[in-house]
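Read through the structure below, which is laid out as structure tokens, and then see the notes.
The letters A, B, C and D name the chains in turn, as written, and every chain counts its residues from 1.
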Amino acid sequence: MRRVLVLIGAGSAVFTRGLLADLISARDLGDWEIRLVDIAEEPLAKAVGLAQRMVEARGAGDHITVVGSTRRRDVLPGADFVVTCVGVGGRPGWQTDHEVCMRHGVFQPVGDSVMPGGVSRLLRTTPVLVEVARDVVDLAPDAHFFNYSNPMTANVMAMARWAGAEHVVGLCHGMHHVQHHLAAFIGKPFEETSTLYAGINHLTFIYDFRWSGADAWPLVREKVAAELAEPADPDDLGNIFADGTKAWNNPFSWELFGRYGAFPAAEDRHVTEFFPQRWEGGTYFGKTLGVDAFSVPEILEWGENRYQSMVAQADGTQPLDESIFDRSSGEQEQLIGIIRSVLTDSRDMFSCNVLNRGAVPGLPDDAALELPGVATARGIRPIAVPDLSTPLTAILNQRLTSVYLATEAAMTGDRDLAVEAVIADGAVTDPDAAARLTDALIDAQRQHLPRFR
Amino acid sequence: MRRVLVLIGAGSAVFTRGLLADLISARDLGDWEIRLVDIAEEPLAKAVGLAQRMVEARGAGDHITVVGSTRRRDVLPGADFVVTCVGVGGRPGWQTDHEVCMRHGVFQPVGDSVMPGGVSRLLRTTPVLVEVARDVVDLAPDAHFFNYSNPMTANVMAMARWAGAEHVVGLCHGMHHVQHHLAAFIGKPFEETSTLYAGINHLTFIYDFRWSGADAWPLVREKVAAELAEPADPDDLGNIFADGTKAWNNPFSWELFGRYGAFPAAEDRHVTEFFPQRWEGGTYFGKTLGVDAFSVPEILEWGENRYQSMVAQADGTQPLDESIFDRSSGEQEQLIGIIRSVLTDSRDMFSCNVLNRGAVPGLPDDAALELPGVATARGIRPIAVPDLSTPLTAILNQRLTSVYLATEAAMTGDRDLAVEAVIADGAVTDPDAAARLTDALIDAQRQHLPRFR
Amino acid sequence: MRRVLVLIGAGSAVFTRGLLADLISARDLGDWEIRLVDIAEEPLAKAVGLAQRMVEARGAGDHITVVGSTRRRDVLPGADFVVTCVGVGGRPGWQTDHEVCMRHGVFQPVGDSVMPGGVSRLLRTTPVLVEVARDVVDLAPDAHFFNYSNPMTANVMAMARWAGAEHVVGLCHGMHHVQHHLAAFIGKPFEETSTLYAGINHLTFIYDFRWSGADAWPLVREKVAAELAEPADPDDLGNIFADGTKAWNNPFSWELFGRYGAFPAAEDRHVTEFFPQRWEGGTYFGKTLGVDAFSVPEILEWGENRYQSMVAQADGTQPLDESIFDRSSGEQEQLIGIIRSVLTDSRDMFSCNVLNRGAVPGLPDDAALELPGVATARGIRPIAVPDLSTPLTAILNQRLTSVYLATEAAMTGDRDLAVEAVIADGAVTDPDAAARLTDALIDAQRQHLPRFR
Amino acid sequence: MRRVLVLIGAGSAVFTRGLLADLISARDLGDWEIRLVDIAEEPLAKAVGLAQRMVEARGAGDHITVVGSTRRRDVLPGADFVVTCVGVGGRPGWQTDHEVCMRHGVFQPVGDSVMPGGVSRLLRTTPVLVEVARDVVDLAPDAHFFNYSNPMTANVMAMARWAGAEHVVGLCHGMHHVQHHLAAFIGKPFEETSTLYAGINHLTFIYDFRWSGADAWPLVREKVAAELAEPADPDDLGNIFADGTKAWNNPFSWELFGRYGAFPAAEDRHVTEFFPQRWEGGTYFGKTLGVDAFSVPEILEWGENRYQSMVAQADGTQPLDESIFDRSSGEQEQLIGIIRSVLTDSRDMFSCNVLNRGAVPGLPDDAALELPGVATARGIRPIAVPDLSTPLTAILNQRLTSVYLATEAAMTGDRDLAVEAVIADGAVTDPDAAARLTDALIDAQRQHLPRFR
């Protein structure tokens, strides 16, 4: 039996490449038909080309086939797994958000989740995801359905509410990544550590961290105190490619740890965005967020180079980088583990973004939370997390307000609600300034915002 | 049959005087035994004395008797109605909050509900109210139970959660008052107007306002536009004793009306406190909040004078002011109407602060909301208010976060939670500054904070 | 301004006649355009004809116009009020349910709400109501929307869940009717009595009954005891046309009152159906339910005669019965009162069938309950009813189970779920017998059940 | 570090013996102090004696110490684990329930969960468990807290609601046991099978059963059909000691499987009690429930013999049965696995009875459900089970009604509510008969019912 995986938004190539590399190596997972989907013909062709070169290079043609389509409704029927990694507007859209925000005095290091840049991304992305989800519900209702598109929290909530896709699971490698950092920080093997956590994607609080079953926070605390007692090395601060294992890579996250006893994934680059009132003028430990701390232009350039290299490999103008078969790691990593746990019902645990529905008391039932979940043959099931502390619940509750407003604005094309979302987000406290910025963002992204007249 | 009303916190005298005046005049309500309670002997004696002079002055001794006690458990059994108007720390406590806050750069016009002054009041008041409520639940479980003490929202929530007094109803004349202002503003009799609204006490949004059943907002809008087009008269701005019927009495409330289509009770003096990020340095249309706009010292002095006059009347050193029998109006006003509706089951409507329990979707079930309620023989029952707009629901949700944190801090004596409440409130965004201010408030009020070591 | 009322299912004529009579008399309510809708041309023509004759007879043509249409989507735009009184299958369908049930040993006095006859009616009616509701949501989303069709509880729940018509209000004259009976029973004017109650339509428990604000249950109790101490007059038992004011008209309802301290509307004819385990073989105080107690054939014949008389009046073969203008009373009665309260925002109270949403703790939020509601200009708002007793809540909870199963069966055309609904209903405890009866009902009503293959 | 386990209700000896046997063998779990508690001195002494003989026999005195106390408050402080296995009234109380029920025509095979015998057990047991839970919350709030006492569902719900022990986890070996039976039935190793399920204790529906990740129901279905096609062997029917691996051991459970696609743990002996309307006069496939099918006297006698043997071993009048060290299996089995998973945070899965809180949509949040849970270092966390079918949810909802009524009756000592619980349970449909039976049970157990005057 050949299982079918449909990957929607395959044109970005990176995810496609990682997934293929992993599936080619994972012979225990059986035979696969991979259906790549993108509405843009050119990038789709490149992704299909790269995938096919990879299959050929490893002689995996007997157990893996790859096809492409620009029409998802044609290829959804029969899917066992559906994965979305759609990025409406792509890198240019991201760059625009970044520049418009800076012109209005708003500095942010990422812009994929919250603050005005996150709201803008939401407005153009969420309605598209909802439409995809409607097709999945219609044509592949029993498929395991995973989403990688940001803003994660909004997308999962909206796909559930407006498309009825209550079973969609948002995946992000952030939690996994940060647990690796914590393990490395105390010098223990990742496999011997365990965590409990809850939050919203990119602001997930790890409140329990153990090594071999015993509380590992005392080890952490001691090391953090020692490292932060030394002066910061500027190279550690706001470095996009830092591996997060030095305390000075994430001084703000460690401040939150000190205050709340919980370490926030996904570390300073993301976490600072959830506390905008703290960084007037974007000032972050002497640097400027999104400029010389976690520079957005730098990450955009890095992404473009990586993409061009993959195109060149697809076209054959550059040799295939076969090292990926040996050291694949990245966003797709969890997905292979989940597929394995689903197919064998082995009940492994993963972080998942799913509707709360009572898992964390004190947060709304219909909020998408990042929680530990068990991957069963019937899908990922979150576990109850009743012991997140009250102040953390309060912080999350306040952050969710903007998400509710922004998703409703996105779905209804209501500019006034979008302004309210920006106000509630907290980065811009003056209503008139918020309106000006929102209008500027809508104007700049109008081609991606058909619902806003 | 003589009905029994127990008034707890009677020493403040003002409420006692108004209530007695009304009951003496309301012969249709039958016979009453009024039991005045205060833990402070001296003020209690004054209140009892004043009450008895009033009864004598009107020859009402046959249908109204007044007794006093410093021990509420002695007089609760047999109560038909219990009313709390406790003010822990009194005017001096209020003054201290005001001064400490100003020293830390926080300016607020009232300090009875939110912002750091409101949090401080909550810390000393809420636990006392919970203890009172426990006694009511224990000794007079079937009595109609009303609370007038601020912070209203926190007190009602805490009495329900920690004392099981889920039936307590918080009363405040604010909504009634503001509807009077709106009616006067459009030149219509109050009795011909009607409102729908929801919110939390002192931030209740009137989203439907009618005259003779027809939408009255167009009339309002036209007049507001005309008045605000004229320059402000400084006397209208931040005047404590203004009657609220000029647009320039409440420019911020009218701004909110313009933005959200709903007018906020209880007007600028209270409403500004719920948007602290808007008034850096306390600046309010050229004045300073709590200083020359809605001056706190001025209101404290006015209150003291009023109290001393009542003491003098109680002592007989000043003649009894009998005009109150003719023109009683004030906080107690609603209470008489409610008692009448309860005794006759006439189903009149009043504003009430009660647990949400689904009345307003999108707000927590256990939040105390200010809602329209029907006074039946079995108590006040809120009506469902399913159509509060999404942005207003979002604003209320964010404001509630601090209330949850602060009540838990108050009940557990947890200083860290109190700091978190101040942070979540939004007036102080820097955590260290919030900690310093919170510590200063706890220190200054320590005599009233037995739970904080 | 001419207000527009759309009446869907107008062909049944009785409701149309009563409504017209009332509107013609109620000059204070202004001018109206009445749009009558029925999918059956012949009955629609009769209803329109009768209505027009009534308007002419009273010279009301200046303020009331009547039009007819078989296509509701044509006439819904512009509606201020929409009323549904659809009866899929009509009297013949009802008769079929009754006969099929009896052949399977199930005897029931009505068959419009529960037990197998109620389930059968639900299967054919609820999907049609949902389709109507979708059109109302689409074309007249701001109209006040009322439903009279049975089974009421299921229809309101389904219109909310599947059509998004969360604001639909189910109306039934039962509660009003029974309060009249209780007032007459103690010899007091209806206007001086008041009630509190909660339940599901046709099983609504009046737990508070007052005369002039005072508890009237003692008066009731004494009289019931005296009357039931006398032997029953067989004419009082199971008499369809009894006015319900003798204790022996409703011995079972009075038994429930004795046990639970609450009197169930809508009295024995309806209430017995909610306790099927009590009437083996249909035996009811020596008579047989649906046969000689509350005879279904008798009520069918009475209905047919009444209808034929109206047709004759419409055709002019019989003179118009003008007495209806003086003594109109019936199902439409409440509607006129509600319209008046809505147009003047006078906040009168009516019984309404609406989604629970927390009004009664311990019952599901999405259950349609019969509750006291306040008619505001923005629609009817139920009041909270937190004090229904635990055993009554339990009884209602058990009764709701079958409603959930049956509505889902109806909407999905799932025969197995329909069998489960019949089992959960409790009238047939053997699963195989339940399956046989359900299949027989589906088979007999197949023309009205397009969703069941 | 020596961990402390407090076992409350240790006098029953069986559980104590199994637990000790397992702990003695499990050297990887470290050192333990076992504190045995029972209010009855004699049985406590026997349990302590037996335990100490076991420790000595294996020379485990260095890592296991055993102490006894009749006062739980003395030994709760410092507990890491608390386990309750209290049986108020013991075997004599059980026997009385059985006999009283039979005299009133009610036949039931167990009487530990539902039907009138279960209600009676609840009335005497639940208040005691609540008192125990209050002490645990007070003195060992951070201990892992497990309950084995029946009726499980009621006890867990009541300990949460009345003692605030929201973290108590009810354990029962039923699910584990039945999964063993299912694995054996298809001839596969238990370790290669997996299940998903939800329900209330003793009526838990296994709706997903897999072998090596693949759906195993087809294998099951084929075998059941074949076995049930053969005539029943009377020895297989209602045999208390049958191992459940023949289809004719559980014909009713297989009937439910055929109807609902889910197999009910804990098989016919327990499951029949949840469908009392199916067994008029106790008739069960030609036998009588509780008499010759699942004979209660037989199980009582077996229990007594087993207990006497343990007493004899404790006293030394009989040699210690050391075989238990090799083949321990029984109720305590899961507990050791859970302790191991907690101490190492290994996240193994177990069945647990915990508050629903959204895990199963459509069932009340405060109902105790039997669910798959993950044992973490912070306690057992249930996973979400969103896909239990609608008819099964409906059946569970109806069954819970009686539990709510009975627990409230037990805690308040309200006889009328107890009658209502028996009516809602469904075994006795006539209210007068239910009242007579309830009164007879209360009368017979009066010594254990101090709350019932």
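What we mean here is this: a residue touches a chain if its C-beta (ideal position, glycine included) is under 8 Å from a C-beta of that chain, and two chains touch if they have at least 3 such contacts.
Source: prediction; values computed, not measured.
Note on connectivity: the fewest steps through touching chains from chain A to chain C is 2. Distance from chain A peaks, on a Cα-centroid basis, for C. By the residue-number overlap criterion, the interface of chain B with chain C counts as same, with over half of its numbers used by both chains.
Centroid to centroid, with C-alpha atoms defining each point, chain A and chain D lie 44 Å apart.
Rounded to whole angstrom, the centroid-to-centroid distance between chain B and chain D, based on C-alpha atoms, equals 52 Å.
Under the contact definition stated at the top, not a single residue of chain B touches 2 or more other chains.
Every pair of chains meeting the touch criterion is listed here: A-B, A-D, B-C, C-D. The residues of chain B lying in touch with chain C in their complex are 166-167, 194, 196, 208, 210, 212-213, 343-347, 349, 354, 356-359, 361, 365, 373-374, 376-378, 381-387. Residues of chain B touching chain A in their complex: 259, 277-278, 362, 390-391, 394-395, 397-398, 401-402, 404-405, 408, 416-417, 420, 424, 429-431.
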